[in-house]
Amino acid sequence: MTNAESPPRRKRRGFSKGRLEAFSDGVFAIAITLLVLDIAVPAGAGQHLLRSFIDEWPSYVAYVVSFSTIGAMWLGHNAITEYLDRSNATFVRLNLLFLLFVSFLPFPTRLFADFIQRDSPERVAVTIYGISLLLTATLLMTLWRYAHRAGLVRPDADDEEVQLLTQRLTPGLAAYLVLIVTGLFVPVVAVFGYLAIAIFYIIPFREVRPALRFWRQARRSSRPPETS
Amino acid sequence: MTNAESPPRRKRRGFSKGRLEAFSDGVFAIAITLLVLDIAVPAGAGQHLLRSFIDEWPSYVAYVVSFSTIGAMWLGHNAITEYLDRSNATFVRLNLLFLLFVSFLPFPTRLFADFIQRDSPERVAVTIYGISLLLTATLLMTLWRYAHRAGLVRPDADDEEVQLLTQRLTPGLAAYLVLIVTGLFVPVVAVFGYLAIAIFYIIPFREVRPALRFWRQARRSSRPPETS
Amino acid sequence: MTNAESPPRRKRRGFSKGRLEAFSDGVFAIAITLLVLDIAVPAGAGQHLLRSFIDEWPSYVAYVVSFSTIGAMWLGHNAITEYLDRSNATFVRLNLLFLLFVSFLPFPTRLFADFIQRDSPERVAVTIYGISLLLTATLLMTLWRYAHRAGLVRPDADDEEVQLLTQRLTPGLAAYLVLIVTGLFVPVVAVFGYLAIAIFYIIPFREVRPALRFWRQARRSSRPPETS
Amino acid sequence: MTNAESPPRRKRRGFSKGRLEAFSDGVFAIAITLLVLDIAVPAGAGQHLLRSFIDEWPSYVAYVVSFSTIGAMWLGHNAITEYLDRSNATFVRLNLLFLLFVSFLPFPTRLFADFIQRDSPERVAVTIYGISLLLTATLLMTLWRYAHRAGLVRPDADDEEVQLLTQRLTPGLAAYLVLIVTGLFVPVVAVFGYLAIAIFYIIPFREVRPALRFWRQARRSSRPPETS
């Protein structure tokens, strides 16, 4: 009972965002930097180094796609924690689960780099890669949804921005699902699709906001009986 | 003498928590992310990539168990430093010793992934793994006990929470001991036991607190002569 | 409309510098520390360890050149963010692109260490290395130019210092271009040139500033009709 | 001239300690965690895993010695930056040079683990290891000496503590020199000597201070004509 009345104690009850962000940033930074370890030109390349270097192109594609995806996840994570006042115990655990998938990504990336351009294994590698990305993105989405429902979002946050963030995280999941299926037939399309999703996430969504609001107001004022 | 009278100097005497946390978070984040480097599908997997991928399941189990354990250790470390006002020289050294074991964990994890499902070496690998976890958990416990005895805990900390943290750190050690012995006979039980302990540590203990307090009050008021 | 009037919201509109710096520092620190993983003496060195150790000199040269370059990039990045009041969405994305090149550097470094002192591949390796450095330096320059044009620089920043930073970032690019071409003919010159550029970036430019200002004032006051 | 009068500008002139510490902590944390990557039991260990595990003891010794040394360097670095009010351009560069040696340490550690217990290469490996430690410790010392001479130490720092820090950093260098020479004849002595130095650095020196001051005062008051 004394406990319930003491206001300074409440502050400690919520989990501080500081170490959560520091630890997450560390995992993101390491996962993104470990990707380069999987790029290697065969030691016996000898006289044909330039050709060997060029033949490694699947590694570069994999590096760029995974770097962009982890970068996009980091931006998304940033956008989420920016709207939070504080964290709580469940959010910290969900975040840990999300990081489990983020730090796993270098492995499917390696598979992808090793088996692309080889007939049958290519499909398997691209599918495993796609499923890993889908799971990671789903957890990022879950993090945001949980934060929203658990009331962790700052009370003064702009409702439209909050809604827009939700809207932006959703289509990625559907797109990943479509691309995973596509990849079973035309793996190369899936690869460029994954890159496109990462770029879509990376494009600053706040830039889109004023345009969006203007468009909505225009619609509302000019054609009132229209259904969206 | 002038020294003894100057209050701002005392502040520097205690070790600042900032760099301790930053360095610890770095070690946790790197150790947890390095785990993925030990997952690899044989380069010659060729046409049977899917099967090779599935055959790597001990690596995934090892990844999940070690990720969960290091994550649980990070949460425990977080819970401890959260209750501290400041650090001192001995605590920093104990913390360094704790990190020595944390950053060692990727090695027994690799052993574990490589030798599981092979008759005799399996027991050795699981035992080495269990002992590494036990030592790491013991040091985390020691860190907390030391902090408590050395008076580093904030004076305004809730006694019940402090006691609960101690209570939660203790059973893990006993469980590790039991599982190490069990692992000598039935290695696979030990493996899932280690995962269970990590999950037990990860479950937010503050959520348990109100229930616990309610249960205690109920017991105290209704059946006074009962011994716990 | 209510939105436009609320001043505390504006603060959240700009991207906080904290996590940008933390994430960037993480990537810099990891990329710079991963360089050592590529230094190895052949396991079969046996009795001739000292000789094997000395024969690894290209690895040490590559380590020092890349460490200095990444260190110089970190210093440059530091100098840039120091002048910024805040960040914005585009700057964060450009920064991510810059880090994509920074974290890629361990790969050309490894090529460089493996193929130097071997006739034809040496040129290829040194050229790939040079192009990687050029691209990274170009992006650092672009980051700064963008920040300057987008009005992210603190209003109270010293104009002369801002100009000097621009002046210092530019010649490096030209020098990289010249050295890439030189490296096609005399690879070893390019190598020491890359080291020289890194050292040039590393030398504290603020020390140069008072001398520069004095020299300018002297020139202006004594010989007015002179053209620079 | 306007420049000289504006007080807020001066603050930016000194290099902020924040990113210097964050970047250094990152490098320390990564270098210390990468050490574990060099511990490996041969893949073909099979039935004799326990024996193979025990046969890897030089790796564990190397791990403990290098972990302790990097940990000690981190503590020393911490002690130094704690006394600084601010940093300057030269200090940042010296710090970068110091980190170049810190992040190099995993390589001599690997050499040491691979070649100990083999007749002639053992001496070479231990000597290379010792020289690396000596150079790293020398740079740490240089960092502190520079900070002291350049007036970066807080004006309110306790002179006795400052002097004590200098006194503690010096004997390590002499000890490293003696051990490098000893290692040429009895490598194993050098190894335990390096561990002893690390532990000497790690023992909290502030605990020693009150004893030291008491001892000095006692000496001064009782036997005045004595020379130290």
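Structure notes:
Each chain gets a letter, A, B, C and D, in the order it is written, and its residues are counted from 1.
Throughout what follows, a residue touches a chain if its C-beta (ideal position, glycine included) is under 8 Å from a C-beta of that chain, and two chains touch if they have at least 3 such contacts.
Note that this is a predicted model, so its numbers are computed, not measured.
The rotation relating subunit A to subunit D, fitted on Cα atoms, comes to 180°, given as a multiple of 5.
Distance from the centre of subunit C peaks at B, each centre being the average of the chain's Cα atoms. Averaging C-alpha coordinates per chain places the centre of subunit A 39 Å away from that of subunit D. The centroid of the Cα atoms in subunit A and the matching centroid in subunit C are 28 Å apart. Annotation for subunit D: residues 22, 26, 29-30, 34, 37 touch two or more other chains. Interface residues of subunit A, counted against subunit B in their complex, comprise 3, 6, 8-9, 12-13, 15-16, 19, 22-23, 26-27, 29-31, 34, 37, 89-90, 92-93, 96, 99-100, 103-107, 110-111, 114-115, 118, 120-121, 124-125, 128. Within the complex formed with subunit C, the subunit A residues making contact are 21-22, 25-26, 28-30, 32-37, 39-41, 43, 45-47, 49-50, 53, 63-64, 67-68, 71, 74-75, 78, 82, 156, 158, 202-204, 206-207.
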